[in-house]
Amino acid sequence: MRAAAPALVAFMFLAAMPLLAEFWGGSYVTGLIMRAMILAIAALSLDLLIGTCGLVSFGHAAFLGIGAYTAGIAITEGTTDLATILGITIGISVLFALVTGAISLRTHGVTFIMITLAFGQMLFFTFSALSEYGGDDGLTLWERAYAYGLFEFEHGLFYTIFGLLVAIWLLLDRLRQSRFGRVLLAAKENSTRMETLGYGVFGYRLTAYVIAGVIAGIAGALTANEAEFVSPALSAWQRSGDLIIVVVLGGVGRRSGPVLGALAFVVLEEGLSSLTHDWRLIFGPLLIFIVLFAKGGLASLFERRQA
Amino acid sequence: MSSTLLLIQLLNGIQLGVLLFLIAAGLTLVFGVMGFINLAHGVQYMIGAYLTVWFYGMTGHFGAALLLALLAALALALFLEFAVFRHLYDRDHLDQVLATFGVILFLNQAVKVIWGPTPLVISPPEFLAGTFRLTENLNYSIWRIAIIMIGFTVAGLLWFLVTKTRIGMLVRAGATNAGMVGALGVNIRRLFMIVFGFGAMLAGFAGSIAAPIYSVEPGMGDGLLITAFVVIVIGGIGSIRGTFIAALLVGLVDTLGRSTITDILKLFLEPSAANQIGPALASMAIYILMAAVLFFRPEGLFPAQGRRA
Amino acid sequence: MSVLLATHGLCKSFGALTVTDDVSLELRTGECHALIGPNGAGKTSFVNQLSGLLAPDSGRIEFLGQDITNSSPAARANAGLARTFQITSIIPTMTLFENVALAAQARCGSSYRFFRPVHKDRQINALAGEALERIALTSRNDKLARTLSHGEKRALELAMAIAQKPRALLLDEPMAGIGSDESGQLTDTLLMLKQDYPLLLIEHDMDAVFKVADRVSVLVYGRIIASGTPDEIRANREARTAYLGDET
Amino acid sequence: MKNLVSVAAVALSLAAAPVALAKDTLKVGMIVTLSGPPGALGNQARDGFQLALEEMGGKLGGMETEFILEDDELKADVAQSKARSLVEREEVDFVVGTIFSNMLAAIYKPVIQSGAFLISPNAGPSTFAGKNCHENFFVTSYQNNQNFEVLGKIATDKEYRKVFMLAPNYQAGKDAMAGFKQNYKGEIADEIFTPLGHKDFSAEIARIADAEADALFIFMPGGMGVRFVKQFRASGLADKMAFLSAFTVDETTLPAQKDDAVGMNGATNWAPDLDNEQTAAFTAAFEEKYGYIPGGYAMQAYDSAKLIDSAVTKAGGVGDKDAVRAALEAADFTSLRGDFSFNNNHYPVQDFYLLEVVKRDDGKYHTSIVEKVFDDYADSYADACKL
């Protein structure tokens, strides 16, 4: 339970955020937090690959792009029903994950990193070529998806994202402790042994890859609705890199890691850049210090202190 | 397409390949020998270019600027190695990624603060600055030819260094089995420092000689870094020969792809459709190449382990 | 006694080095068949081909009457062919009990179950507990596998194999690296295992082999040069010069 | 656990600014690109706007003005977050931005929805010129396609029979090609899209040489333009064909292109030597203060400040949005361009010129007016706008 505590505290804090924001910068802050929560969802899905399976995907942002463009194109074409959009997003994410996963998962280590990068970049260039939908400029959404009135409530979108974040966190937390999760964790350490125990590791990893892809796809669809704007940059390698950074920053394979990592990433970036335009001069060294002096990421700081 | 055009594109492809090789050679050695993923390697390329322009402004002599830039780039690399990187060698790859990413952020911004956001330009040394006539109305830059020749010379030297000298032998052994080299009583720390400094200097050198043809700007090394990673995994990590061949391959595929794919598509597609799909496909070409190579040969074309002594 | 596991003319070479040369071998129900041979004779390569980690160049492998030559390691394990490793192969970051439970889990229905915490799974825990009981492991169940002593790790491998509820067991040098004080105990364990499972035993410890095995085959340079009861092998001159001679 | 809360609290209070709004201050936020190589364009816009503000004693429309500058880093999410910060946290009255169209697309909705006025000092995409136009959105530059349309007109007027077209492969590049073709009906030798950030143009130059066209139509903004012009000049082709460019040789790139660009042509709505009093004064003051020659980006930002000034003066503050809007529409200020008015879609109606790069006696380079191509030229999307 201890490892989960920081995440739970963060959730309580997030739940109260719209209230707190009344005193602290208003809708600007809730917008910021919404983005952090979406980033956390994407990071949670990536940590299923990195932390649970030991698979470092450098093309995970491809799924963000899939979700965002599905939402963007659907809404532009007049399909605003949220369930339909999420359905299509999940369908395409599954398909893309099955095809690219089936190829990538034959490799491991650096080869896996680079081959996932390749697929991510292919998708990035595909989105950039979609002239009808803004090409490189991106696509402005003229309305949000219709969520059966949910988004019309004050903070409706906020609590939708929050609810999904908590649900996905719980889901993945359970998954990690399930039969399936134990197989993945063991295969990360010794996949040969798992094969000889009777587990077709490839199938388990592919399933995990698909699950991670679907969750990231949902995060992408949320991004489109939150920002009301999608662009190919969402699926570029820089974004995949950001996701890895968030996961490592928070603590790979730690229950609270991705959530802490995402919150810290967004808040630090925002806080520092409001101090100076050259905020990277501070942020860069800060990352180095975190690596050198906080092994295991931010989550480990909390764990150690409480232990 | 005319034969002159093809010739130019071949030359351009080789020239890009040579630059990629200079960057990727250090990357593959550092990665192969030390198992260290250095994302900040691309920044070394940028630093090399900036320092060259800077020293050129001070000395007014390209050769002198090049030399000074190399020394300064080496000094910076060794400082970074001492201050940051050496604490990361026995850490997880992901920790290395995070920390070296921090170095990129810092140096890109620092360069912008020091030299401003506007691209800088520099001319090649006087005697290589001209062009020579390829066809009636087409000239080709001598400096580009010079880059190709310099690149091949460096590749040759590197080959000699790695295959014929003691330190090269250690490096090769290290690429196959780092633990064993340590067991032989070699000072691994020092070997690492030499390999690292040397690799960084090569990248800086690439930046120096690229400065006259590309504009010198903050973040100029980021895109090339990713391409260099593509090169080293295609070539097989730790293999100089593989890196050289892969660099030329990637340079040629990228250059020829960009100039021919759209035309080829135009043969059986509407021009507007071809213009939309062609450039996107051309941008993907090297990634498709990489995915294909890795699919059939996950260890790359010339894995270091397979090399004969 | 029916044939459970059989190879027919199995061949494997790495370049010029032939590690398995036309090996035909049988394991029958209820027996312990020991495969002995000097270092580098190709014993582990042979087991790897049986368990599917290595593909033979030619020849056939049959298990329970089915041709499994091209089956995946997982399929073979699920068909009931369990193995242990000469160099201990466990999940170091998991506890002793979790390691055994992992093996048991493979026999307790689908592992594509995503929600129920596995540590509360009664079926798995019961099966794992049973296996642990049979291999008397003195260490605590919640000890991390990587902190176990070498002997405990060897025993853990056996427990994992049993938890798989195998139809046949391939034991690749279960005594490797075990001191003489522990080896006696492990020999008893092997004798006990033999009651329930057909064993293909690869072992260097001749005392254990002659105590446990019903049949012995001698592998030299990838070839089986002799096969017979322990007494026959002891009497076989070729086998003695090739291998036993070193030790007796 | 306590630490988490306090860390987050500190971080958030960092992000949150004191909310104190005096009624007599005007708040103007500017979002432009200051990072990376394209930062040179943003720098011009910033300097242009600040010069105007300074000349008016830090007041726009007589109100003490708080100017907040933000860098979009040429990243959509950053631009959007900055825009939200401006309208939601700072509660600015005007947002001036952006340089690039894709950044405008990112900030458009949040700014418009907040009720603030959005004034673009450069980006003028077709997206917001037609049916998606908005009463609170004004463009002081041009509709993006216009410069290209002007070049098409020039090519037709000069009777170039065969034109080679080159642009980067992104949305603006595609718009550029389409814009040029609108007024040019001659033969097109070939049209080539290069990747964004393309470095090595020798293959393209070889094809240009092969095509034997009369003119080259080119759109290569920023660093790409610097590299292209260098390589094009080196190939010797510059002397053999006309060079019709937009955003390729301008005051942001000329300091790097230098002699290589001299004599090359461009087309836009202004040049630092446009013959009117206000331009002469502006150019002199700008150079005096910042040490470089202002380009269109600086001019348009300067005009944006003047526009806001005129509107706030006329409406007597910003309390009455409708009055401010009406005053903005009137565009009752002295533009550096001389003639300037807004169309129904709030994009400008203005003159366009053919320009040429010249070297000044003091060794600096700038673009210079050759001739007027269009008088009071309006964009072609305005009809679709319901305003």
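Note that the chains take the letters A, B, C and D in the order they are written out, and that residue 1 is the start of every chain.
Methods note: contacts are C-beta pairs under 8 Å (C-beta built on N, C-alpha and C of every residue); 3 or more make two chains touch, one makes a residue touch a chain.
Keep in mind the model is a prediction, meaning the values are calculated, not measured.
S.K.: By C-alpha centroid distance to the whole-protein centroid, which chain wins?
M.R.: Per-chain C-alpha centroids compared to the overall one single out A.
S.K.: Distance from the CA centroid of chain A to that of chain B, rounded to the nearest Å?
M.R.: Spacing between the chain centres: roughly 31 Å.
S.K.: Please report how many Å separate the Cα centroid of chain A from that of chain D, as a whole number.
M.R.: 35
S.K.: If you average the CA atoms of chain B and of chain C, how many Å lie between those two points?
M.R.: 50
S.K.: Roughly how many whole angstrom separate the Cα centroids of chain A and chain C?
M.R.: Taking the average C-alpha coordinate of chain A and of chain C, the gap between them is 43 Å.
S.K.: Hunt down the residues of chain B that sit against at least two other chains at once, touch-wise.
M.R.: Residue numbers touching two or more other chains: 112, 279-280, 283.
S.K.: For chain C, jot down the residues that touch at least 2 other chains.
M.R.: none
S.K.: Among the residues of chain A, which are close enough to touch at least two other chains?
M.R.: 128, 131
S.K.: Applying that definition of touch, give me each pair of chains that meets it.
M.R.: A-B, A-C, A-D, B-D
S.K.: Quick check on the complex: what are the chain A residues that touch chain D?
M.R.: Chain A reaches chain D through residues 5-6, 9-10, 13, 20, 24-29, 31-32, 35, 128, 131, 134-142, 227-229, 231, 233, 260, 263, 267-268, 270-271, 274-275, 277, 302, 305-306.
S.K.: Would you pull the chain D residues touching chain B in the complex into a rising list?
M.R.: 34-40, 43, 169, 191-195, 197, 199-200, 202-207, 209-210, 212, 222-223, 226-227, 230-231, 234-237, 240, 252, 255-256
S.K.: Touching residues of chain B toward chain A in the complex: what are they?
M.R.: 31, 84, 87-88, 91-95, 97-99, 101-110, 112-113, 226, 229-230, 233, 237, 276-277, 279-281, 283-284, 287-288, 290-291, 294-295, 298-299
S.K.: For the complex, which residues does chain A have touching chain C?
M.R.: Spelled out, the residues of chain A in touch with chain C are 174-175, 177-183, 185-186, 189-190, 192-201, 204, 207.
S.K.: Help me check something: in the complex, which residues belonging to chain A touch chain B?
M.R.: For chain A paired with chain B, touching residues are 50, 56, 103, 106-108, 110-111, 114-115, 117-119, 121-122, 125-126, 128-129, 131, 237, 241, 244-245, 247-249, 252, 278, 280-281, 283-288, 290-292, 295.
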